[in-house]
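Below: a set of structures, written as structure tokens.
Two complexes, one shared chain (chain A), two partners (chain B, chain C).
Our next item is the complex of A and B:
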């Protein structure tokens, strides 16, 4: 598996001369970013982007670690066979037109590929994928250009997805949210490499701290459970295909109650996998998980300069089973030194609408250093004339796990210009939900 | 569905707590047993061809007297054959009345993940709200504990309005079912209903499928 992500060189089979073709884009992305040699392969040997083109992988002199195949489905068996002869052991097949079409031909074509792969001992990701991505070495083997899809910076999340759409949107949205990523794999039809293999690899990969993914089905249930049992990292999954169509004949209550999704969802619970219910939840969870922080308990303190959001946050925290302990007398006295008389030092701590950056800083420092809480929720009504973008400098110094709730146009402006990452949420509820997730992780 | 005899062997082997039950086709034997049963008793059919006994009058509860027993016997027999003239009747089951809250315990072989067990509160909780929890086998004590607490209706079991339920009896039952399911060649188990009260868990209806 290692060579999929850390090859010393890559051959792009089907590297095209036409700018808009998939094979061209993949080659261009790799040529511009990948820290290693990239070989374009195409029977038409006029140079592409000024690079020498090889008619076949067999014409390349050096040993090749990784091949990306982006040719018409009908030619895949032929070029894969050549990869085998060349001794290439890792291949990503981008091409579509296989079992996903639901046709008998598609299924047969996939069987054929399987046979060739087995004969030469090749490991395959795909077919029918948007490619793979590794932020560490610039391995951007996806067919989307930077101008269309932003790519995230380096980070600790590794993502696997059956769906290509989800793959590309994950890259783009994580980049937009300033969340870093380690690796991303779109594994398509999972002809060979499946979700269990990827979780297994990521659970030992040094750069990965959080494993996330989108699955529709699990190919190898037993292996899936086995790797979940061994895994020590945080995993968050979004499951597609939650509803089943068509009534099935069932012989008992147990059979009808233990429907496929019910079983999945319970299995995820049993093995401490966080299940994101929606796409929005998934991104929200990744945001806080990317900080790499885990709350040691459920004791939350809310700091706010806005009464309403403070109330909404406490309501929701209570409903989700988080604790909102009242600070000790000692802690209260300490905070009162920096607060006007009318401020409330119970929990939520209402530092009032005239709070300036300095007041935030003083109170946050006291709470951050206190042993009485496990995590902080900081509500910032940034719209008050007392506050501006410099609040970011205060927030970035917080050591405890935290989430920020800051919304509106001024907040959006600040977020857009943010150089660093902060877990900022637009609603108090979303921030609370994210904090709940990190309070449930095992350290 | 496996035969009554086989199912009773499994129940005995794994010490599954079924409600006091006497099985026979012969009314005279049922009559004799009835004398020693706590009243009211329940009479019902054990047939692989009848799934929902109550709806078609193949289960009569609240039997206090011999004449009620005789009447129940006749009506069940009649209802069974009018529902399905070819129904195979393995036995009549005479049972004591179980008390407590209804729960359901099951096990099946999932095509993706293998052996699983299932738990939920009976009646509307499972049928309407589908409020059940599931675990992949093998399970340890902690996992059985967490699967009981996971259902939304757990609040009812944990002593809502002063009613108490023996959760240890429930845990024991789940543990026995998971052990049984891993050892025996059975593809599905349905214990429904099981009655749980302050003292014990009692299985009233069981189905094992091979």
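Our next item is the complex of A and C:
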């Protein structure tokens, strides 16, 4: 598996001269970012982006670690065979037109490439994938340009997905939210490499601290259980095809049947896997998990300049089983030094709508250093004239696990211009839900 | 109540010369936007923003319909008494420092202004509010400038809230999402006007089609039930203080005890009130309700160029009890004319990731005109090179009730530059949840 992510060189089979073609974009992304040699392969040998083009991988002198195939489905067997002869052991097949079409021809074509792969001992990711991504060495073998899909910076999350579109969205949204990523794989029809292989690899990969994925069906139940049992890292999964409606949608696009959801869900619980209920939950959880922080207990303190959001956060914390202890008299006295008389120090700590950055700083420092709480939820009603983007400087100093709730137009502006990562949520309930997740992780 | 929203003129008592003061901002907002005369009142009579200042309302010659009081709590009784003598019957008291402080003095001060109001027959909104807002006549009596809090354009939603901060956030977020508003009231300590009065007024107000509110406690249970029974409009409520945690937070900031949530929740069901579970749900529901469309049934069709999101939307639709019927053979044949062979026409209609604007247009037109579905969920993976902001021109032509799911950085850009309103959601599940709401409304 290692060479899928850390090849010394890559051949792009089907590297195209036409700018809009998939084979062109993949080659361009790799040429610009990958820290290693990239070989374009195409029978038409005019240079692409100034690079010498090889008619076949067999014409490349150097040994090749990884091949990306982006040619028409009908040509895949031929070029895969050439990969085999060249001794390439890792191949990503981007091309679609196989079992996912639901046609007999597609299924047969997939069987044929399976045979070739077996004959030559080639490991395959795909077919029907948007590619793979490794932030560490610039291995961006996806067919999307930055202008359409933003790519995340380096981080500790590794993500796998059958669905290519989910892969695209994940890259783009994590980048937009300033969340870093280690590796991402869209494994498509899972002809060979599947969810179990990827969890297994990520669970030993040094750069990966959090494993996340979107699963439609589990191909190899026994191995899946085995890798979950062995895994020691945080793992979050979102399941598609939980219901008969979803299963129908699944089978229409990735050529697999949805598993029995209840069985699946119980297995996840057994192995301490965090199950995201919705797409939004998945992204929200990744956001807080990417901080690498774990809350030691369930004692939450809410600091707010917006009474109403303090109430909503409190209600939701109760509902999710978090604790909201009242601060000790000593702690209350300490906070009161910096608060007006009409502020509340009971938890939520309501520092009132006229709070300025300094008041936030004083109170947050006291609570961050207190032993009475395990985590902080900080509500910032940024719409008051007393506050602006400099609140970020205060928030980034917090050591305890925390989440920020900040919403509206000014918040959007701040988030857009944020150069660092902060776990900011648009609603109090989403922030509480995320904190709950890190209060359940084992160190 | 009418004169709170449609006064011919307004006196701003405590209109300040200092730019950062509440009394200055309110006067400025009204002066710039209100379609009627505005009188600044302040014992210091130097002109403010070039306008003649009156030492007291008693010095104004004209009859006054509405007074906004933004002076220190200690001066409120005096100026309110003057309002009484002047014959002003509608007063908004912005000032805080009353029962919400939890102090005995605050409570006494509130009792005192209650007595004055009763003596002169004055109706009061407040104290401790961020003000009131009417988009129709530019009555922006809030103490926030556009640079901090965006204000929504005209629309059919009227919103009430005890919590001032929820009022601010609502204005700002509705504006950001291009959702229009009719009227907004922050009624603070509810010394006089409360949630029941406002629901009653909005239920007869011509400009209001949807009533929405954030409630912490119900002051007058009997009247509350009565107005809900009489109301014929769509009504959405979010309750704060549902739990003991939330109730504690509530009492700390608005001087009222949270009611028994279960009783409350059952009452809402009985009167067909839509209860939002979270802040995000509330905004999401307002978004779809502001379209004014009602789905005639539960038959949903999902159109997607992103297989994974089609699966998630289908699962969630099942979970919420919506129907996802397979199109008739006739309809399938009609769609197939415009789709590649590998597309799926089973519902979700997966028009595949290479769909361009034209393909969306053809398929959406067919489904919009079909009698087989009551509403549409349109997933647009906008990250493909085939799509851009021109998709908006296609979406705006749809006649059936619909919601759009579009997420990521390109979607954010499109939403930001959107000149019209479209019910766009960032996740498939949120879009489904919103559609469910309009499938339950009665025409």
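By our rule, the second predicted complex is superposed on the first by the 428 of 443 C-alpha atoms of A that agree within 3 Å, B and C clash if a C-alpha of one lies under 4 Å from a C-alpha of the other, contacts with A are read in each partner's own complex, and residues count from 1 in each chain.
Please note the rule applied: a residue touches a chain if its C-beta (ideal position, glycine included) is under 8 Å from a C-beta of that chain, and two chains touch if they have at least 3 such contacts.
It should be emphasised that the depicted structure is a prediction, and the values quoted were computed from it without experimental measurement.
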Partner chain(s) touched by A:320 [first = chain B, second = chain C, both, neither]: neither
Which of chain B and chain C A:418 touches, first, second, both or neither: neither
Partner chain in contact with A:262 - chain B first, chain C second, else both or neither: first
Which of chain B and chain C A:221 touches, first, second, both or neither: first
Chain touching more of chain A, residue-wise (chain B, chain C): C
Partner chain in contact with A:75 - chain B first, chain C second, else both or neither: neither
Touched partner set for A:270, first chain B, second chain C, both or neither: first
Which of chain B and chain C A:310 touches, first, second, both or neither: second
Partner chain(s) touched by A:385 [first = chain B, second = chain C, both, neither]: second
Doubly contacted chain A residues - partners chain C and chain B: 252-254
Chain A-facing residues of chain B, complex: 104, 106-108, 110-114, 116, 118, 120, 126, 130, 132-136, 143, 146-147, 150, 188-190, 192, 207, 209
Residue ranges of chain A in contact with chain B within the complex: 217-218, 221-222, 224-225, 251-255, 257-258, 260, 262-264, 266-267, 269-270
Chain A partner contacts - residues on chain C that touch it in the complex: 20, 96-97, 100-103, 144-145, 148-150, 161-166, 168-169, 172-173, 175-176, 214, 216, 238, 240-246, 248-250, 252-254, 278-280, 302, 305-319, 324, 341-342, 344, 346, 348, 350, 353, 381, 383-385, 407-410, 412, 426-430
